[in-house]
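First the structure, then my questions, so here it is.
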């Protein structure tokens, strides 16, 4: 059909959609308002903000170089001598005489990195797969549905492989490293994102303005890309926040199995925690610091994510 | 004296007042209508009488004290879903969900599911057989609900439990209030279905709500409501969700029940057609108050309150020529002024005069009462 | 510094740091000074002694195994012709033995009145039956996967199965039995003898019980181990204990005292080995009283254990950890650079802070307890300045090297690879070398190091028996990609020593070899550290062995404490 | 409904076979081989090569996969390279432990989670709601292995109430029936064994249950909140039914649907936690076995395990689907 006509249709759809877009807009505003009221959201936001700040400024705040074994001669792990907190080392020394405080600060960045990258991997790949599936299922006709079935079934199967096995084999291929952890954790999240995006896209696909667009014969690709997709991302973004928390924890688990980041210069909390497990009897503090850091950070993201989810929950909206 | 005497019933959700001093009475074997646009407070009235409103501060506090000395202050913090001491007693009798019923009230009240605002403050009196239902302890109220007074709800699908066979949903009332068990209960349930005009009841008993048609579901709800031969039946928009043809049948059914059993029926509707068809007396509600109350014929013959006139005006009529335009009411129920400042309807009234907004208009005249200072001029 | 009930005699020079410079170095295993407290007879009879092992044993037929976890168990069940004390060969089932000058004939004079668990008596014929059985292994039995040590020591089998890829000529020439003597003849001497006769793999098992399994076959190298090697009741040894149950699902092996043992009978009636793979979990199990002892205690746990009154007897060292400089990687071809790196590494700190008590600096590629250990090797003592100078001279101020270390293992000679790596890497950084860390999982680590793709890497070895060749020969017998150096002098020296039957001459030859090697400096011997073994306070521990071959018959519960 | 389920399961099975091929190729593609674990450091390259050859590791992957499939068809999983025992036996020895552990964890999670979630919902805004919600939030944020370690330090080490490791006390003699020790003890009437096994089970199960518990509390709460808002609950209320009836028949029966779904998913995901928990408590289950298998490139063991996962996953799906049908008549008629 002629572009002119398409243009007209576009406007028509926009007309049908605007009403709801306006609503969505106000919904976001509403949810922000609602979140400002919820202590949960505030706690989460504060924690996350702090964490991010530390992560970004880390190397500049840290009093010492994280990898320098400056006090190496003062630590004797084989004689259980671990100098604890003192003026020059607020958190004491780790098992190789490195400043624990500096390592914690620098560690924040690595931890954030793992979380974000892993989540991105899961998000992008998952969104892609889920998007394709949904698009195919809705507009691809018979074969599209077949394709969707195949994709989603394989997603189910992917869910069947224990994330850990996956991680182990990734690690086996890449050798233990930060990227290993990122990839392993990220890949494990793909199915979740795939299902989520597909779900919300299907919901959109049946909404009035899309039906209108179809009725008006707008090219399907166009509908999907410029209408369905943008409107379906909300829940997926929320999920991403939550996955960030999981990613950080999973990363810790992998480090515990010795797949963590080997580079002494860029410590990561999971690795630190895993290392410290060995000294639980002699120097529990070495485990406590990173453990608490991990838990609090993960909690921060979880709180934020949960708050977002609740504030976006349509069932909650209804009452307003 | 009448079977149900509602006196100066007030229901407030926090700051917002949904029902603002409503009084009316229902005699045995009579059908009384509560009419008004959605949001005028008619549903809230019915729920208040049934004691199905989430408990609000005032009563919660009292209840709290009476239960386990929980201080009101704490109780206030708690949400509407029986989350107070009643909740503590595992009290299922205080459901949150009247989203459908009142969520749209002009004041934007949220008694929605998951709302964590305070519940309803109910005051006034609703004497059933001389007993004030509003002050009955929950347990006692539960014994009466479903037995002495029963209710038929608006949306038959959502009002039936999707995962329980309809038979069970009927027999559980029989068990609870008439102590019928097993086969007895089933037989009785079958009779009920038969009475409400469902063919092949024994098969239907085993079926689930989603397997029934809308009409049948409504009949099932009615069967549940009349299962224990209640003396008062409250029907909240029982026909709104149904096709016109079915509507007629359901109304017929209700009428028969009233006639045969002498049950009193409180019919809540926005549909004057229904009123005309079934009611003996009508109370027109506007913004939480009765603005006109009269025997049905009087009302239709001589509507007094401009609002009533408006309502009647907005029904299509055959006896007028097709070119005669309908006369809808201006504005929406949202534009109101508070009753104590004047007539809440004033903003939408074509006959509005200065007097309308000089203080609170009173309900005058009987049996045909109205709440309009301009009544004489209009008449 | 506290070392519990044990003090090391001789020089456990580690913490004093004199090991490298000691003029008159005389190694011997630490002596125990805890006397012999009164046993708690009741407990010994009623209560099982539970020992936490890091891993499951693999086979009750020791010749089919090559791992310490198996031998820990089989040592209690079977015995070998020669036993070891500290690292010295002492009489085992053979009261004495003698060899001919060429070292090709070994005659063992067996003890009298030794009976197998099945009642049959030990005699020369029994010994020969065992050796002949091994020599005539067929099919999968020949696979290094199973009979590793046999092919390693005796080269090959009567009929080598090409499928199994064992191609060397067998050096086992036969066995003559005469009453209580057995004479084993070899086609050629290697310095593995007589030490090899003390290997648990070569335990003597009752011929009668061997009869029962005569027709068991292993079709291929990956066919399951024969049933008899996984359950109690088939094989009969002469040891102080008999196997009563091997519960695979509980990962628990139960042994019961052999009351008519030829020597001193075991003190504790029931001995149980249970697997706890996680080292922290092992410690916690001990301190919580779930087990009475465990092996491979983490260095970090030793002191806390001692402080709480637990016993951590110090084993003599019999292993070696080294840092390899793979030549073939250009900068390392330069002897000066290798020297520089060697001076840069602070081995003392390793010993002082991360290695278990009893660890010491290694000055050459064999532990001091072996013949041929030389005081006159070049020791590259920690001297960062010198290192920097040397690098400067070599024009390698900004040297960058890849540094491999294993991630998913701890070895007896390498308790915490990552810690050791972090320290050494830091040392190198201090002298201006840029280190690129490359952690590799164990399964890839070995090939990676073998192929020589790692310029710098850690590796080591725990001796099987008292024989320098078992160390030096493994590494420097011939040119190899894993070292990448070609120094015929060294190769010849080792070959010569290895084939010299006369001990005194041999010792000198080994010394020369060691000195040559340290001249060449193919890598830097870092440390020798004994794996720590821990016991509950109320236990009389066995004499600990550098070869981790404790005899649990000595263990008992003490009355007091 | 059933036909639909079966169809779906078949699809799953096929997909899983494909998966096995994928993983097989993957694992084979990994650098390094089992021979390096099987032989001591100083084994000669020639010995390693020999072993590789003998293990058939030098053949092309598809040939190996063919052999693998051939064996599977004959229900012969081959034998573990690291332990030299038949995989079937290994699994038979290790699987029950993991099953027992996971079940115990699930029992805890469900037994505590659903009531707690219900309470939280019915007393929205009270301390119990706040407590359980924040509790569950924290619950998901604690690394399992750390929690396990802490539990152990506190309850086994310091307080000494519970054993630190193993499934049974040393030398306890038991009779194997199902392999689930507690169950066996009860079946065979060896109640001392059952008790002993139970004590050993408590800590690992607690550690493992943390995340499922947290999730179940939250989902239950949300789902109950959802249902109590439904009209049919109001109807039930208008009938004057007893609170108990309303809770059971009208609220919970509807609230169970999402909960069951989640439980199904959780069961699948328990494994990763199991690996960590088992290693911390020396709880000889499949977890530690698989971890070892991966680090040692024990291909037969890995493939055997993956098949197990596949099967159990299919079975889980079946159960969940069927329970849907049982719980929700609407599903029953559809499809």
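Chains here go by letter, A, B, C and D, matching the order in which they are written, and residues are numbered from 1 within each.
In this text, a contact is a pair of C-beta atoms (placed from the backbone, for glycine too) under 8 Å apart; a residue touches a chain by one contact, two chains touch by 3 or more.
All values derive from a computational prediction rather than experimental measurement.
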Of all chains, the one whose CA centroid lies most distant from that of chain C is B
Using C-alpha atoms only, the most centrally placed chain is D
Whole-angstrom distance, CA centroid of chain C to CA centroid of chain D, is 39
Per the C-alpha means, the centres of chain B and chain C lie apart by a whole-Å value of 89
Rounded to the nearest Å, the gap between Cα centres of chain B and chain D is 52
Note: chain C sits from chain A at a C-alpha centroid distance in Å of 48
Residues of chain B that touch two or more other chains sit at 99, 112-114
Residue ranges of chain A touching at least 2 other chains are 172, 277, 280, 315
Each of the following residues of chain C touches two or more other chains, namely 280, 287, 408, 441, 444
Chain C contacts chain A in the complex at 1, 279-280, 283, 287, 298-304, 307, 349, 352-357, 359, 407-408, 416, 418-419, 422-423, 425-426, 437-441, 444
Per the touch rule above, chain C residues touching chain D in the complex are 48, 50, 56, 58-59, 64, 66, 140, 143-146, 148, 151-152, 163-167, 220-225, 230, 248-252, 254, 270, 272, 274-278, 280-281, 284-285, 287-291, 408, 411, 441-447, 450, 459-461, 470, 474-475
Residue positions on chain D within touch of chain B in the complex are 121-126, 129, 225-226, 228-247, 249-251, 253-254, 327-330, 333
In the complex, the residues of chain B that touch chain D are 50, 52, 77-79, 81-83, 87-100, 112-114, 116, 141-147, 150-151, 153, 155, 158-165, 168, 172-173, 176-177, 208, 210-211, 221, 224
Note: in the complex, chain D contacts chain A through residues 8, 11-12, 15-16, 19, 23, 26-27, 29-32, 137-138, 140-146, 149, 153, 226, 229, 265, 268-269, 271-272, 275-276, 290-291, 294-295, 297, 305-306, 309-310, 313, 317
